[in-house]
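In what follows, subunit A forms one complex with subunit B and a second complex with subunit C.
Up next is the complex of A and B:
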């Protein structure tokens, strides 16, 4: 009896320590997002003191800072946070559900599908505003179904899914290149956005669809977070534990695709953020609990810091996708070195 | 890996063709190639009458039509040379890696060559076409070694999945670096496109002449390594048992492929998927013997690239689509088809 008590106490203690550790790391990540956000607002080509930044944020008219902070930096920082969180959350849902870190939407072609649809909507159909996001979401869902169907043959093997995704990505990339080359007045900036992702030329109005999708789709995912956790144990176990496996899977995939597609419609397919966020969050948390919220935070940090580095820390000025693209590839290569024949164990 | 499974994996759908069938297909291919080349000279934004084509071929530039022929002639020849080089390089790479998904584009070798040229231009002030080609060959070689090294690390050796992923990752990283290197330089920023998407639109006689020595060397080395590739297809152990220097033979054949795709990228920019599609089709026509497969691949690659260029000129009149976009649109579905055709274990 006393032995049982001791065990229970020890387990409770360990659980408490893990929960404390998790809270601590989440707080640290939040602080990191906050400070990167603040850095983007206050330090650019010129330095704006904290007092002035605050006054701009509260809507007071401040000469000079009102433009640099309110018109240039704030939309940029907001867009970075929202898009980064969307990519991070959408990516980690894919990775958990398909049980493979390589199966993130930017590697299996879903981001590219959304990007191609957004380019076509903007350049060919001359649409603008939230309708572009809707087009991107529909197209990304279609691409997801296409990839799933093409890789289905007596079940979907991880290897085949990823390889089919690489093929689909190549096609979507060439569609983007084609549409851009036919555009009457395409600029390098535009091309960069749709080929690597960028938050250049951000406007405050662009943040609205992102915020809506993050609330709606993110809410859907959060409501099913517990089921997603159980799904990690395998479909049979999850079904035995009372999770409606099929419905949960479809719902979560639709929500994840919605997040990715909306973010892509606004900022382009920012390279590798969806792919990197989940594994980084899992590494930082050592698997203490659900990686969903941490992955969203990591995504926001990646885009904020990547954009800041691309603008001010490097010798030239680069869109954020170039920075994250160069960062993500070595990690992908590290994963490849560890991947086994069936393409799953990592 | 046992010799048997190696043979099955390396030459899936293996067929042995009689010499007569091969000869027949070879004749058909030459005829088709000639027809496509004639089309390539005659068809474009402005269609040229055959009388003007003939006059233009003999060097006259009196009418607009004849002038168009004078521009299209080097373009057609460059597409011919590039297509042959890429088709041949793809066949050699698939043989060397015993991997049905090998292709200079998918493995990132073309993008590596592209990055090397861009770095050479921006940081080291290269300006001659020959130095472009030499730099591109070096870049292609380093990238090929890197991707193959990454792909064969870890458990299971160089599986198609790992090679394809390593190539895709390297491509993305190098493509980012190409942008990073070129973007600050406003004077060549318009040229970013030509180092990301390959095309043959800017062909000149001079550019063609300066890559020809590299292409010729690559062609000779590749064709001479046909026997080695045949032995390698049986598996490393058996090839060694047949008296083949496995590592040396593999390196030599790879050198041939690297010369071919490096020089091609220097002249046209990175063009993908030709090297993937062509050997698979040629294996159906010519069988798996590399002594036949390699020349077939060169011919079919030339035909495919010239045809893709013609399609790109017709489909978007009065503009044109770069040939790299057309080959990706044709090649990517083909890639997916190959992935679906093979059983997962073989991939």
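Up next is the complex of A and C:
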């Protein structure tokens, strides 16, 4: 019995160490999000001292800073955090559920479907506001169903779904390009938003739908986080461990599509954030528990830093999607090369 | 551990439009080791998948303690019945302890925390499968035999009264096959777990099972004690193979020796059926290891 007790102690000890390590990394990531947020608020074309930034945040009227911080930088930073977290969380759910890092919504066409729907809603149907997000969610779900249906043959194989998704992405991209080319008064800035994603011209009101979707869909995902974790062992094992596989999949899929579509309707399909966040989080956390929350934090950091770099650190000014796209593309190539060598899972 | 009964009545199930099982009835003896045997595509894996609710029956029912499992909440079922599928997936980098801990999933609610009870179950599972020393190792670094023990440990941590296994010895060498079957027998004797497994190897099935179920063409051909089921007539009916059944000197259980077209020194009817090589002057006598007929 004492050997068993020793094993129990060992298991408890290892679990405690992992929990502490995880807390530490989560705190570090939170600190990173906080600093990037603060940087965006205080340092742009001009520097705003911390005192003034705080006064603006607390709603005091500050001449000068009231506009740059309150009207320009704060909406931008908020949108970056919320959209980044949405993309990160939505992406990692897809990657875990389909057991393939390539199965992220921006690779398999979900984001492009949402973007195409948003462009059509705005340009062709002259809609604006939250209704655009709703249209984007419905369209993204339709695209998800389409991809799933097209790749179904005696069950859905990951590779087939990814290939079908890449085809659907290309179709959706051309839809976006076509609609944009038909819109006479379309600016390059706006076009870039729907093609690569951007937080330019962010307004505080845009943050609300993002926040709501993050709370609602993120909550749905959090409630099913353990089931999702067990799904990584394969559908059969998950079912044997008491996970209602079909229902869990549908619920998680709807929630992840909701997150991605809402964020896309506001900021466009910010390139590769959904694709990159999960694997980065998994690398940093190395199996110390669920990668869901860390992936959301990584997504927020990517968009915050990417946007900052696009505005101030690079020669010329680029929307955030161009920067994250430049980061993501080499990783995509690396991943395809590696996956072809050995089967892999997130 | 509480005892549970598992029965199958009039089960029809399959994939797509085709029925693999057509009206199968089966009573699984509680607290015993049952092995399901049969030719390829006879429906043994389908039966196991239907019994563990991975596929829904088209007609008929699988009853656990008299209740249809297809109407039970997933979690309730998973506390009573465990399953080791043929190809479980180990996520990249997951450690043995972490994987075995997943077996506790059905015992945990949405907000309930990991308890000492869970640690105890995992530690007991590791000890029973002699994988304690591997606890911190990543599963993808283990050998095939070790990995299979770890998966069984996960199913043990689930602490179910019934454990179903789909070909638990495939891809293992003979030493590891014996190790896994010994382990399952230990489990059956110490915990009273009802074990149901699909096995390919008839002789190992006859040696380790208390109860043999032989299937042919989606139906139950015969079931009973190994000495009732493993007969030359049943082997012919189920596999279409001639054979001789002798008593295994090691286990005193029946053992089947197949009779194919070649490499036969003396067939069951006493006639020599091994084609003799011609043309060469070499002596064409059978090698000594085949043994001689009485």
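Quick note on the criterion: the second predicted complex is superposed on the first by the 340 of 346 C-alpha atoms of A that agree within 3 Å, B and C clash if a C-alpha of one lies under 4 Å from a C-alpha of the other, contacts with A are read in each partner's own complex, and residues count from 1 in each chain.
Everything below uses one rule, namely that a contact is a pair of C-beta atoms (placed from the backbone, for glycine too) under 8 Å apart; a residue touches a chain by one contact, two chains touch by 3 or more.
Because the structure is predicted, anything quoted here is derived from the model rather than measured.
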Practice item. Identify whether subunit B and subunit C fit side by side or clash on subunit A in the overlaid structures. Key: fit
Review point. Can A:315 be said to touch subunit B (first), subunit C (second), both, or neither?
Key: first
Check your understanding: What is the contact status of A:150 with respect to subunit B (first) and subunit C (second): first, second, both, or neither?
Key -> first
Review point. Subunit B or subunit C: which reaches more residues on subunit A?
Key: B
Review point. Thinking of the overlay built on chain A, is A:142 touched by subunit B (first), by subunit C (second), by both, or by neither?
Key: neither
Check your understanding: Does subunit B (first) or subunit C (second) touch A:329, or do both, or does neither?
Key -> first
Check your understanding: Taking the superposition as given, does A:164 touch the first partner, subunit B, the second, subunit C, both, or neither?
Key -> first
Review point. Which partner does A:204 reach: the first (subunit B), the second (subunit C), both, or neither?
Key: neither
Revision key, fill the gap. To the nearest 10 degrees, subunit B and subunit C lie apart, as seen from the C-alpha centre of subunit A, by 90
Check your understanding: Should A:125 be classified as contacting the first partner (subunit B), the second (subunit C), both, or neither?
Key -> neither
Study note, to complete from the structure: After fitting on chain A, the minimum C-alpha spacing between subunit B and subunit C in angstrom comes out at 18
Check your understanding: Where on subunit B does subunit A make contact in their complex?
Key -> 101, 106, 150-151, 153-156, 159-162, 164-166, 168-170, 172-173, 175-177, 179-180, 183-184, 189, 192-193, 196-197, 272-273, 316, 319, 321-322, 324-325, 328-329, 331-333, 335-336, 339-340, 344, 347
Check your understanding: In their shared complex, at which residues does subunit A touch subunit C?
Key -> 3-4, 7-8, 10-12, 14-15, 99, 154, 223, 226, 229-230, 232-234, 236-237, 239-244, 286-287, 344-346
Practice item. Going by the contact rule at the top, pick out the subunit C residues touching subunit A in the complex. Key: 15-16, 52-54, 74-79, 81-95, 97-99, 102-103, 105-106, 108, 110, 114, 116, 119-120, 122-124, 126-127, 132, 135-136, 155, 158
Revision key, fill the gap. In the complex, the residues of subunit A that touch subunit B are 102, 107, 150-151, 153, 157, 159-160, 162-164, 166-171, 173-175, 177-178, 181-182, 188, 191-192, 195-196, 271-272, 314-318, 321-323, 325-326, 328-330, 332-333, 336-343
